[in-house]
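Look at the two complexes coming up: subunit A is in both, with subunit B in one and subunit C in the other.
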Partner chain A sequence: MIGPRQILHRRNAIDSIRKMTRTMEMISTTRYKYYFNRWIAAKEYHDALARTGYLLVTSPKLHDHPLLKENSSGRSAIIAIGSNRGLCGSYNSYIYQAMKVHIDKAKNSGKKLEIYAPDRRLVGLLNYHNITPAKIYDMDEMPTDEQIDEITDEFLDQYMSGKLDNLGIVYMRYYSVGSQRPQTLTIMPLTELIDDLTTRATVIWPWTLSVEDFYFSPSVTEIIESLARMIIHSSIQSCFMDAILSEHVARMIAMKNATENAEEMIKELSAEYNRSRQSQITRELLDIISGAEAIQ
Partner chain B sequence: MNKGKLIQVVGSVFDAKFSPEEVPAVHNAVEIQGNFRGEQRSLYGEVQMHLGGGKIRAIALGSTLGLRRGMEVIDTGGPLTVPVGIETLGRVFNLFGEPIDELGPVNAKVRKPIHHQPPKLEDLSPKTEMFETGIKVIDLLCPFVRGGKTGLFGGAGVGKTVIIQELIARIATRYGGYSVFAGVGERSREGNDLWLEMQKTNIGDSNDSVLNHTCLVFGQMNEPPGARLRVALSAVTMAEYFCESGIGDILFFIDNIFRFSQAGSEVSALLGRIPSAVGYQSTLATEMGQLQERIASTKSGSITSVQAIYVPADDLTDPAPAATFTHLDSFVVLDRAITQKGIYPAVSPLESTSRILDPNIVGQEHYDVAQKVLEYLQRYKDLQDVIAILGIDELSKEDQQIVARARRLERFFSQPFLVTKQFIGIEGKYVTVPDTVESCKRICDGEGDRLPEEAFMYVGTLEEAILKAKTLKTA
Partner chain C sequence: MSAPDEKFQCVVIAPRGKLLKCDTVSVVFPAHDGQVGVWRNHMPMLCKLGLGIMSVEDVPSESELEPKHTFLLIDGGFAQVSNNLLTVIAQDAICFKDMESEKIEKLLEIETNKLAHGVYTPPQRKHEEQKLSFLMKLAEMTAAVKKE
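Presenting the complex of A and B:
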């Protein structure tokens, strides 16, 4: 049996944990609101880009463009976005599970798969599973435009020179506060990306229009590369944005549960403390009284 | 014959007056014969104090119902004696050494006084050897010592008596030597159950029943405190004789040694002693020491004893269990939290320990595996608060693995018993020490990681867990 003093000590420790988890919950709530506004604002831009991209890739003139060709170098890559910090439930294990599908697939088909990851919690998990990322990016919660540009350029160059077949981003897709799911967005080949984006677009699509209805200046072949760069840039950015939103939602929920669990424990420990304190008093009183009685 | 008169009766303690020149000595038995409420019987008492002027104070060893002042008290001239030797085997006694199994008188050649000096230090046997029980958690973490003392600590209803009976079933049936069982202040029904069970069970493949090698002594909770206080001494006297006279090595079971302390505390205040901490007698440690020192292995023979110790309010720091602790070689602590998980035997791996869990005695591998198991279980215990608050996902992968293995080990330490077969419907499992060590080593190395936790419940070795996992899958 532990004494009242030890129970008190433990209760205080749990109380500090509770304060911490409640603060974490509050921080995540504010951060979530901030990023949510940015996410809403960016949405329409992403959709508009996807629409234009769709029109362009349907153009017959572009058949031979290196961006639209399919490569067969046997090398693909994924960018895995894990959580920025810990204490967000099973966020990272979900991401790992989604990655595992790709890793197993590559292994089975004998292809080479490189993993790129921001320097975050996920890297530790990968190390545990003996997976060494090809490159670890050093970036904040939300990467800067320059950092995204760098990633875009790197992979675009590799793809156009035929050294890369596939690029995917494994991230936690944000649907709403109640729903986030791990998903893979294929960034390259570009046709697949645009396919993906158009099917998930949130605005009504002008299906009636086709590439023939437009006059392009400069020509499609000239536009396509810079447009591809923009689309890829914005896709990577929106993936990171979804990941951050999901992370904060996950943390809000995890920390809310943790706070409640801690409160429950404090309640139990308080009862235990009172009981043990009272029984100590009773015992001491009994000793004193019976001792006094006995020597009379 | 030296006679006196009864002058005072307080509960189970009475005073008598003798002539000041002929006061019966301390620990002498005194007898009161007479008419107790129409019943002609005699009551024994044991002199505890001389009050001066020829007055003595004695503990009644039977019921004081119908005792009256003025009755005649006879000094028997010495302490209580009990029959000892091979004639006592197969019989059931009370503390006076009277058979209570209605099988006629015991014709023992020797009777011994129940008060006796413990063997001298120079006569004690220094041998240290492990005693296999076939119970995984005990053999791995708190191995019994051959010729040593083991305590089974546990609060109310965590399974002390079941383990004692299991040990009798496991050890006594494989063991050629003799056993002595002392029932001290526990349920009187248990004595009957044990007696019937022992008649039915044979030793090994022979036609000889376990009972023929056992001597049972009972002073259960139906008896007054004086009887419960002295019955342990009667049993020790019988066990001691086997050992001293070189008849053989003895297994000595006591259920429950706490009742001995409790009986002492019941009469202590009546004897006029000032109560000490938590209301126990001030002589608690002395009384316990006098009993425990006699349960010792000497050069002429060994006594391996297993004692159940009730822990009041699950508090191991209570003076009664604390006074017993120091006398033991191996501690098996039963934990209520483990019974609540449905794991039996509910041995607490972190609290139980043994003097011989030492690489020089149990071997390096056994020791290393035991330490590794304890390390995993300790880490799991440390992490329990974090898991309760933040959830298991917040742990690092390494810790998650430790938790998974600790949970499997915890379940692996459950084991079906021979004596509980009729209740749980699973055949009892005997696991040898090398099998236990190897299975635990493999679990620590992660061989059980892929098996469901459920598969580790109530199996013998790891192989059986693997088989169970397969049947669970198909079910």
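Presenting the complex of A and C:
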């Protein structure tokens, strides 16, 4: 049987863990609120870009533009966004499962699939499954504009030169505090991205006007490239934002559960400690009494 | 001065959110190839933006003799005009609604520090220098408004 001293030692250790998990929960709550405000503010920007993008992809003048054509190089790529840190439940496992669908699909169709990932927890999981990423990005929790520009330019150039058929981002999409799901957002071909974004947008394009009614400055072919860069940049940014929000929600839930479990354990150990201490006192009293009786 | 019934709507959206939504009588924005003016009933247009100062003239009230303006520093993006609605989707924008001189001075300081210590390619440096010159222009305009 464990003595009261050991129980006390164990209770103190669990109390330290409880404090740690509670702090982590609070940190995630604060960060969640910060990113949530940014997410809400950026929504309108993404919607506005999607509406303008929709106007352009319906233009008959742009049918032959390299950004709107489908390539057939046999090479696809996915960017997988895992969690930045650990202790967030099954977050990375869900992302891996979503990635597995693409890996299997590429294997069955005989296409080459390259995986790109930020230097995060997911890389360890990929190594465990013997998957070597084509490139690991070194970036902050929320990538800077320059870091996103680098990714945008890299894949846009590859797509326009016909070296890439498809680019997708596997990430945890944030719907609300109660709902986050792993999803793939197709970034390229651009038509698929705009189609997806306009479906998500809260306000769709006012149908009374068509692309022929507009005056473009510079020409529509020149505009599409700049707009594509902006749309792709904002889509990648929004995927990272969703991933961070989902990660913090996952961590908040995991840490809340851990804190509650620790509190329950502390309660049980306190009761056990009191019982053990009482029985020790009783035992010592009995020893004293029996000793005194023996002397008499 | 334009009549109040000649108004249209102007919305400026940046990655950080909606910066401006108001009724206006005239807007001048920095397009990729120079300044573009927009009045009511402008034809539908999609225009690429450059770096510069955007000026939005408020709808005049009877008590005001001089029209009020809202200034924004725009850095890239698109302007879209349709159905008497001007939507500016800016890559980066700063709104100076009440011409706060402190805000401009703080931005001037940040921009000067960035230029002094940042590592830039020649085109990036040129861009940052242009941005700084526009901020200085805004600071001058603020000082002029305050004197009046």
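Quick note on the criterion: the second predicted complex is superposed on the first by the 293 of 296 C-alpha atoms of A that agree within 3 Å, B and C clash if a C-alpha of one lies under 4 Å from a C-alpha of the other, contacts with A are read in each partner's own complex, and residues count from 1 in each chain.
In this section, a residue touches a chain if its C-beta (ideal position, glycine included) is under 8 Å from a C-beta of that chain, and two chains touch if they have at least 3 such contacts.
Note that the coordinates shown come from a computational prediction; the quantities given were computed from them, not determined experimentally.
Participant: Answer with clash or fit: subunit B and subunit C placed together on subunit A by superposition.
Facilitator: fit
Participant: In the superposed arrangement, does A:Leu227 touch subunit B (first), subunit C (second), both or neither?
Facilitator: second
Participant: Between subunit B and subunit C, whom does A:Thr208 touch in the aligned arrangement: first, second, both, or neither?
Facilitator: The answer is second: A:Thr208 touches subunit C but not subunit B.
Participant: What is the C-alpha-centre angle with subunit A at the apex and subunit B, subunit C at the ends, nearest 10 degrees?
Facilitator: Superposed on A, the angle at subunit A reads 160 degrees.
Participant: For A:Asn257, decide between first (touching subunit B), second (touching subunit C), both and neither.
Facilitator: A:Asn257 contacts subunit B only, not subunit C.
Participant: For A:Ile17, using the defined touch cut-off, is the partner it touches subunit B, subunit C, both, or neither? Pick first, second, both or neither.
Facilitator: In the superposition, A:Ile17 touches subunit B alone.
Participant: Based on the superposed arrangement, let me know which partner A:Asp153 touches: subunit B (first), subunit C (second), both, or neither?
Facilitator: Neither partner.
Participant: Between subunit B (first) and subunit C (second), which does A:Phe216 come into contact with in this model arrangement: first, second, both, or neither?
Facilitator: A:Phe216 contacts subunit C only, not subunit B.
Participant: Minimum C-alpha distance between subunit B and subunit C after superposition, to be given in whole Å.
Facilitator: For subunit B and subunit C in the superposition, the minimum C-alpha gap reads 34 Å.
Participant: Which bits of subunit A are touching subunit B when the two form their complex?
Facilitator: 1, 10, 13-14, 17-18, 21, 86-87, 89-90, 93, 124-125, 128-129, 254, 257-258, 261-262, 265, 283, 286-287, 290-291, 294-295
Participant: Give the list of subunit B residues in touch with subunit A in this complex.
Facilitator: For this pair, the touching residues of subunit B are 269, 273-275, 277-279, 313-317, 385, 388-391, 393-394, 396-398.
Participant: Mind pulling up the subunit A residues that touch subunit C in the complex?
Facilitator: 38, 40-42, 44-45, 48-49, 52, 55, 206, 208-209, 213-218, 222-223, 226-227, 230, 234, 237
Participant: Subunit A touches which residues of subunit C in the complex?
Facilitator: Answer in residue numbers: 13-18, 31-33, 36, 43-48, 77-78, 80, 82-83, 87, 89, 91.
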